[in-house]
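Here chain A shows up in two complexes: once beside chain B, once beside chain C.
Right, the complex of A and B next:
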């Protein structure tokens, strides 16, 4: 049913919960594939450079974060692929899903309060509004 | 432009940056490039740096120019000089850096970090000394670049960097508060209005920078309602002339140097710090690499030129560079366009610029402060090691208390060094008895900070015949370490124990060979 699953991942703790859900859903369909998408926004770039200084170290650090997700996928025999994109997360997720005929988007919710989501904007809300496929938001 | 390996083999030199040749050092025996790795292989040509992205660069340059104007004016006001000083600085620096910078796509100009360092200089000695300091700052920065000191910026711990960035944000915020002294409710309302526009307007469109929209709207309201709030014109005069070459009007003597050198040194370090940090952010955002030493030299050249054209010292700007890259700018042209559009707008619209209410600028500066602050560091406070958090907080507090970013960074580095020494100075000694022999196994770094702990771990009143000290998990670093081992060996020997050192690695054993006295005949325990 859901053959091409897009997992929006940012390496944060709560995004690991989305990994488990993605694996559960991928298991339901034979030959399904999980495309793990990590969108680097300017905010991420800024804060990671301040925290890590060197560009080389940052790349390793980012790949490191996928390790847990990769292990989980490998254990369950799920086919997966990791992609990095740069830009605004909500735009890139929707664009990628629509262009690559993704069957389902799975993403985490940051759990912002109403004021934060007014200023920062809720990524999951925007993706739900604009994506043409089903979207699962993992709380 | 990317070179493939076989292309490189046919060349002795390649362009690795727009103005620099890079010599290739090819090692025939191992068929590998010795000197040139990663960064150099991604070589770019001049043409691509300048004209690889004309449309994106021009559009982004215009957006950046519009965003630069309010900040340049506001930073001049923080320093206490005419708005033209900041505007000329942003113009000169943006144009010069476009040509000589090491990171295409990065935007430099008058910045808050630099402005905050100049306040007392201008208050005590006047603006002419500021120009001289700016020139000296440039000279020091060129020396940093020439002697390739940029890599030492890596020695600044992360916690200090975060503390530095946060302190900068707090200081920019605090510098605005004096505008509220004796202010009427109109002022508060205008600041609130400006902030509302800044944060809500991007939901309508992101094509025009929202701070500029806020300034235009608030200015129009102020003019229409004839409100008598403070305006830019009240803070200083604005001339509609191009910057012209001038030599700072100061006595050229040692006394002058004594005044300006400390300021210039602090400005150089802070300027390079922010520039290299920004360059790394742009590197990451564009997934490319840049020449940091060239950037240091470029910043220096830009500041020298700025000083001679009546501008204040500046550096790269994180916020503006992010705006530039997001708006599609990535080449050198973007910075050049930003500079030229900025000065053009000031020349054309100078009469309107003086009517901008301070309230609008305060709103913009609040936004700059909020955007500069690394909010994720607050979340990190709970997770990071407690020493890192202390370093960060101390850096921030020292900076905010002294109003001097260089003092805060210095305090942070010293504290990190102390914590680091404390952390690695833990030596661990275990002992076991094998028949007549007692074996001590030392784990850790043996150096000045850890010797006390090391000596204390030994039991000298034991009645064993033989002692072996196993150093296979330890490293001896300095003469204090060797002296401590001497002390242990001689003391045991005094008690008639046979001592053997085992498992020393090569550098440690060399050090012992050179410095230890216990090997010499007739060695006795000395006073210390």
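Right, the complex of A and C next:
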């Protein structure tokens, strides 16, 4: 049922909690694959980087969490692929999911307070609204 | 994995779709229990009582609304529990979920448009924001 899983992951602390859930979901279905999507927002891409891993936006601790996530996936025998996209995170996630017939999107929630989310708009809310597949939001 | 699943349902088509996803998660482990919650808001409550002033008939009616979901659960031989809550669906379900220890909350999305959502408020959005457990939204 959940063969193609999209995990929105950027190495941040709130997105790290989604990794374990993605592994759980991936284990449910045989031959499932986790597509890890890291969307570099326009601000990040303005820094015109050649090597993504050395981009200003990707700090040491994020890199560390990427390594931990990859280790966890490998230990559990999860088939995964990491993809980098540029643009507005919510737009890219929805577009990617809808174009690649993703069965489920798993993403974290930054846990903004009501006022912050009213002003900023939460990425998870926008994805929830516009994706056509099930969306799992992890706190 | 997902041993304690909360399924928010009202018997509508989209809640039956969510039930199918919840059942898929539940089938993986024999110990899993699905708690089906149906929140009856003031409006539904009034309509039910006006049409059927007998309390027994009202209870029966509410149970019957969830019958398609209950049948699916019986068919799959899963452990389940039906709970009827009173109050505004979003907060009532969040309150119920946060007082207990669920591994995941599964909820359907009615797919309201922007205006409807602004006026009515989206139950799935409220749950996704306020529940402590991971929330899976089914379209």
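The rule we apply is simple: the second predicted complex is superposed on the first by the 116 of 139 C-alpha atoms of A that agree within 3 Å, B and C clash if a C-alpha of one lies under 4 Å from a C-alpha of the other, contacts with A are read in each partner's own complex, and residues count from 1 in each chain.
Throughout what follows, a residue touches a chain if its C-beta (ideal position, glycine included) is under 8 Å from a C-beta of that chain, and two chains touch if they have at least 3 such contacts.
What you are looking at is a predicted structure, and each value in this text was computed from that prediction instead of being measured.
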- prompt: Does chain B (first) or chain C (second) touch A:86, or do both, or does neither?
  reply: first
Field: chain A: partner with more touched residues, chain B or chain C
entry: C
Task: Report, in rising order, the residues of chain A that make contact with chain B in one complex and with chain C in the other.
output: none
Message: Give the list of chain A residues in touch with chain C in this complex.
response: 1-2, 21, 24, 27-28, 104, 109, 117, 122, 124-125, 128-129, 131-139
- request: Under the touch definition given earlier, write down the residues of chain B that touch chain A in their complex.
  value: 38, 154, 158, 161-162, 165, 199, 203, 277, 280-281, 283-285, 287, 289, 318, 322, 325-326, 374, 376, 380
Query: What part of chain A is in contact with chain B in the complex they form?
result: 40, 42, 45-56, 58, 86, 119, 121
Query: Mind pulling up the chain C residues that touch chain A in the complex?
result: 1-2, 21, 24-25, 28, 104, 109, 117, 124-125, 128-129, 131-139
